[in-house]
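Dropping the structures in below, format is structure tokens.
Heads up, the next two complexes both have subunit A, just with different partners, subunit B and then subunit C.
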Partner chain A sequence: MTITNQSAPVSQGQPPADFSGTASPTTRWLGVAALIGVAVLLVFAFVLSEPDQRLDPDTNIVIGQFDAVRLLYVHVPVAILPYLAFSITALGGVMVLLKGSASATWWDITAAAAAEVGVLFAGLTLITGMIWGRPIWNTWWEWGDVRLMTSLMLFLVYLGYLAYRRAMPVAETRARRSAVVGIVGMINIPIVNRSVEWWENRTLHQKSTLTEMKIEDLTLLSLIIGFVVFGLIFVWLMVHRFRIGWLEHQAETVGLDAAIMQRRAQAMTGTGVDESVDHPGLTKGGDQ
Partner chain B sequence: MHEIAAIVRKDVRIELRSRVVITQVLPFAMIVLILFGLALDADRSTLRSFTPGLFWVTVLFASILAIQRSVSVETAASAFEALRLSGAAGWKVFVGKAVAVAAQLIAIETAMLGGVIVFYRSSVDEVVLLVTSALAATLAIAAAGSLYGVLAVGSGVRDTILPMLLLPILAPVLVAATRAFGDAMGATAVNGWSWCALLACFALLYGLVGGIAYGVVLEDA
Partner chain C sequence: MTHVGYLIAGWGITLGAVGVYAASLVRRGRSLAKTVPPDRQRWMTADD
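Now for the complex of A and B:
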């Protein structure tokens, strides 16, 4: 981890001289592996795997998802990751409320990072789902589909969580209160699921395709590669977002300490306050 | 128990003296019902079949205002500090605030029911189902709203963040209450009692979550 330590000088809003970004050798290799994985996935999705088409023996008509099936190598892995991300957010919230102040900060930053990456993946799930649904279901949007509605609600609830975090200026209060918002959002999901299931009692989503091994070997392999690749991207994004969050926390803490020391020095020497000096910790959160 | 009753009495007394909910929130709800009628081209059969949904969407909008009012009476003159200093447990404050909000919402819903019967020509087939589901949905809205209302305090953007946090959470209540009312008003052929049970589960869940979390949130309010 190459994040600068807390004692490094932070002044005038400029990064310290030894600051080298949020990457480490491990995350660089992780990023390279994810990029190679994307290339491999593209080859499998567009070149090696076949379009989904078969002859219906009853009607003698060619049926299937045709080329639209290739989008599932992205959509299915992406759709599962928000559940993982928001579970981490809820877990982080529980730990913030249980743990002491030192590890509470770590868990709070982890929860926030997971929520942000989760909202990104939930948004991608909705977009890829709609693009896939248009040719297959003949509609961009299907009201009453349990998984679609649950994904939408997850997206909206945690979008609210992120907006809430931005609106809370004091770090300690923000951590405790957004922990409650994160936990309650997750608790709500089974109710959303149940209500939408009863609401229309139908789903256009296909069931158990993967678990019952109904799909071709190469299609299954492409899907597994999709899971691995998007899993790597998820971890890579999580680590970097966490490190940015940690640096923001450091800037808040160090900036505040620097401002207090400057005020003390001014009080000792009897000089006035220099308003032109930038105090990162004092300006943080004041943009609401 | 008397602490909960004292908080309920306090909020109801403030409302009876200020009449903000009755003179501002209730007219707002009626205006929304009338606007729905205008937007749907005053087609009576459409209005009648959509009555349950329009009714509960309006209740959700009105509840945002009622909850904001419930919070603002505590933030004015640092009354939250007085609540903390009173020594009442967090869950008791939560129950008191939620019951007071629920009482105000029930008054609004009663007037709105008259509104949809007059303006939309709707009728009530099953009074017991309608009243039970309205009570369960109102308690659910009041419980979730009271928790999120106090969460929004201190954010600096309290009025805009509350709907963003609360409305997605209340989406299942909207679905369930609409279905239960649909059955009670003869607009939808569903089992309204199962929806009513879901509403009761939601009210219970948010009652429990709010009771546990309110104390944590109240410390920072």
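Now for the complex of A and C:
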């Protein structure tokens, strides 16, 4: 597989006036929509939705999660996103291994971007889960809980994926090997998701309240808004992180092109043409 | 309202972390864009 520089942009010349860094008109509108969405979500989560409280018919005591249930609207949407992100990473890994062409670069950058954004949300899932668990379960963390442990493993595997990518200097090798890690790591996703069903006696988590439709009305609507808002945020982050990966790739190839030109110039003014400029080890996107 | 501290922590950490990460992406993008020629700053190319 050869990862090459895509040196034939569709749009040549100066970028548009409204184009700076990784932003574009579309991402700006997306960002505005996400910010408005966050404001709407906060209103639904803290003003419109009701606290969870009901009367226990046996004891005649008011029970429930009370206002702690408002963490539902942030924890659950955030917890879904690592599944999506790491699935994209795995898909990107498959495409990197299958594609022997320039598009492997595109997929490799996409996979890395999804992994980084996914690790952010996986970390936030663990943190918000701990914060929610303390008042409800009276514990920050339970080492015997399969959902917690498999979620932690998922987080650590993809954190390792990112660390591995940083440690690998050669682009082609990095792409192929990290693709394998990304694909293998995805095996954990159905285990995390199904753990509360498969080992229901070994978890503090309840089974999915969403698929069994145990929540309704404003609670359900607020949760759906949470999914939409964090989905918008995820897309915004993914687009920007992908573009950073693309710019990093271009910056590497620009530096390599300059080095090759310099070597060629030195060879032309020296005793003869230096054959190493055409050596496969100096292909674009290679030894950096 | 009950559990105020937990609510502030849960929501605050989440929105804060996402905001900080988003800001870092924008900053990294602007910094990188200065090192790459304009004609190479398009994300989709004919080869993709």
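In this section, the second predicted complex is superposed on the first by the 230 of 288 C-alpha atoms of A that agree within 3 Å, B and C clash if a C-alpha of one lies under 4 Å from a C-alpha of the other, contacts with A are read in each partner's own complex, and residues count from 1 in each chain.
In this text, a residue touches a chain if its C-beta (ideal position, glycine included) is under 8 Å from a C-beta of that chain, and two chains touch if they have at least 3 such contacts.
Remember, it's a predicted structure, so these values are computed and weren't measured experimentally.
In the superposed pair of complexes, A:191 makes contact with subunit B only, with no contact to subunit C. For subunit A, the partner touching the most residues, choosing from subunit B and subunit C, is C. Applying the stated contact rule after C-alpha superposition, one finds that A:251 touches subunit C and leaves subunit B untouched.
Look at A:124: by the touch rule set out above, it reaches subunit C but stays clear of subunit B.
When the two structures are aligned on the shared chain, A:68 is found in touch with subunit C, with no touch to subunit B.
Common to the subunit B-facing and subunit C-facing surfaces of subunit A is no residue whatsoever.
On the subunit B side of its complex with subunit A, the touching residues are 147, 151, 154-157, 161, 164-165, 168-169, 171-172, 175-176, 179, 194-195, 198, 201-202, 205, 209, 213, 216-217, 219-220. By the touch rule above, subunit C contacts subunit A in their complex via residues 1-4, 6-7, 9-11, 13-15, 17-18, 21-22, 25-26, 28-33, 35-48. Contact residues on subunit A toward subunit B in their complex (touch as defined above): 97, 153, 156-157, 159-160, 163-164, 167-170, 173, 176-177, 180-181, 183-185, 187-188, 191-192, 194-196, 198-199, 288. Subunit A contributes residues 4, 6-15, 19-23, 38, 42, 45-46, 51, 66-68, 70-71, 74-75, 78, 101-103, 106, 120, 123-124, 127-128, 131-132, 134-135, 233, 236-237, 240-244, 246-248, 250-251, 253-254 to its touches with subunit C in the complex.
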